[in-house]
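Notes follow the structure.
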Amino acid sequence: MRHAIDKLFSNIVDRKNADPSVSYTAKLLDGGTNVIAQKVGEEAVETIIEAVSGSQDSLIHESADLLYHLMVLWADADINLQSIWDELDRRSGRSGIQEKANRL
Amino acid sequence: MRHAIDKLFSNIVDRKNADPSVSYTAKLLDGGTNVIAQKVGEEAVETIIEAVSGSQDSLIHESADLLYHLMVLWADADINLQSIWDELDRRSGRSGIQEKANRL
Amino acid sequence: MRHAIDKLFSNIVDRKNADPSVSYTAKLLDGGTNVIAQKVGEEAVETIIEAVSGSQDSLIHESADLLYHLMVLWADADINLQSIWDELDRRSGRSGIQEKANRL
Amino acid sequence: MRHAIDKLFSNIVDRKNADPSVSYTAKLLDGGTNVIAQKVGEEAVETIIEAVSGSQDSLIHESADLLYHLMVLWADADINLQSIWDELDRRSGRSGIQEKANRL
């Protein structure tokens, strides 16, 4: 079974050819990199505010919004999703001491 | 096989009991919500700047940093990872028209 | 003659008692700290994007938007404007070496 | 007497020719637009976090840090400070109804 995050990314990529008047994702992609980056920034700020002063539920909701817009940014940049997961695997593989040396 | 993002989150949660002087993740978790939220904001800004004026490689790298710190924020808030994936599934399930009505 | 930034702050403070259905400033103040902070974040992101990839004119425009919303945040927190200027004066007074020691 | 904010901006512009190993401002300017924009983003995030969950004193301190780094961004872009104040004057001049129409 496919992971939810891989499935959502596929849906986003599929929307590249959708009608911007019907699909919000297509509209975002049509708006260009600066517009999408602006949305990522807005959702990051909302996530931060909810983390610092909101509830767990609102943090989950804003985090999902942030992930969604971040993936639209990846689709806009033609990023291969596997390259992100490979990068996360490198972080998982680090021992505590390497982790510190790499600040991760 | 476990997904890279689930594996990294498990590693982050495991570090909750690690020594902050050895593990960067433990140090972040020890610093508290505001410190972690600040880092999420910094990585979001770096991601935005790379998207707008950088290379695909640097966007991948900064995106992975953002995801990692976002997951530390989730670990700090005791979020069940499945609740994030359920939220993403709801977004995947929306048709184009529902998508527009929900602004997603 | 009063400085433009002091004059705008006075106008913002005056709007605390204005009708939120007529005054955008009153509506913001009525929305509360989290809403205003969110707007400061959005304008900061726009300023960053214009600085990195836009024109001088758009940077001026977004910077003014950021200043305006930052001042609404100060009004919301009942900050005495002079305390901000005193803080800037402390930064001006630092010599190069003190500047470095203070990271400013 | 000169306003604190005009004085600080003059000091920042003067540092354009200073030694980056002695002056933090010169070092920032030497680092280039993306580095300065990144700092503006970091200080904006700190300001937001303090507004939402901190004290008035820490909000004043972070706001001054944000203003300082924003002015370094203006110096980097060779912005004439008066053009910012003219923009603020335009916002001050708007009546409540114009304000709403202009979303300011």
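Each chain carries a letter (A, B, C and D) given by its place in the written order, and its residues are counted from 1.
The definition used in the following text is that a residue touches a chain if its C-beta (ideal position, glycine included) is under 8 Å from a C-beta of that chain, and two chains touch if they have at least 3 such contacts.
Since this is a predicted model, take the numbers as computed values, not measurements.
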Equivalent of A-D within the choices C-D, B-C or A-B, defined by over half of its residue contact pairs recurring: B-C
Contact-richer chain pair [B-C vs A-C]: A-C
Cα-centroid distance, chain C relative to chain D, in whole angstrom: 8
Between chain A and chain C, centroid-to-centroid distance (C-alpha), Å: 29
Numbers and ranges of chain C residues touching at least 2 other chains: 34, 37-38, 41, 44-45, 48-49, 52-53
Footprint of chain B on chain D - complex, ascending: 34, 37-38, 41-42, 44-46, 48-49, 53-54
Chain D to chain A touching residues, read off their complex: 45, 48-49, 52-53
Of chain B, residues touching chain A in the complex: 3-8, 11, 15, 18-19, 22-25, 33-34, 36-38, 40-41, 44-45, 47-48, 51-52, 56, 59-61, 63-68, 70, 73-74, 76-79, 83-89, 91-92, 96-97, 99-100, 102-104
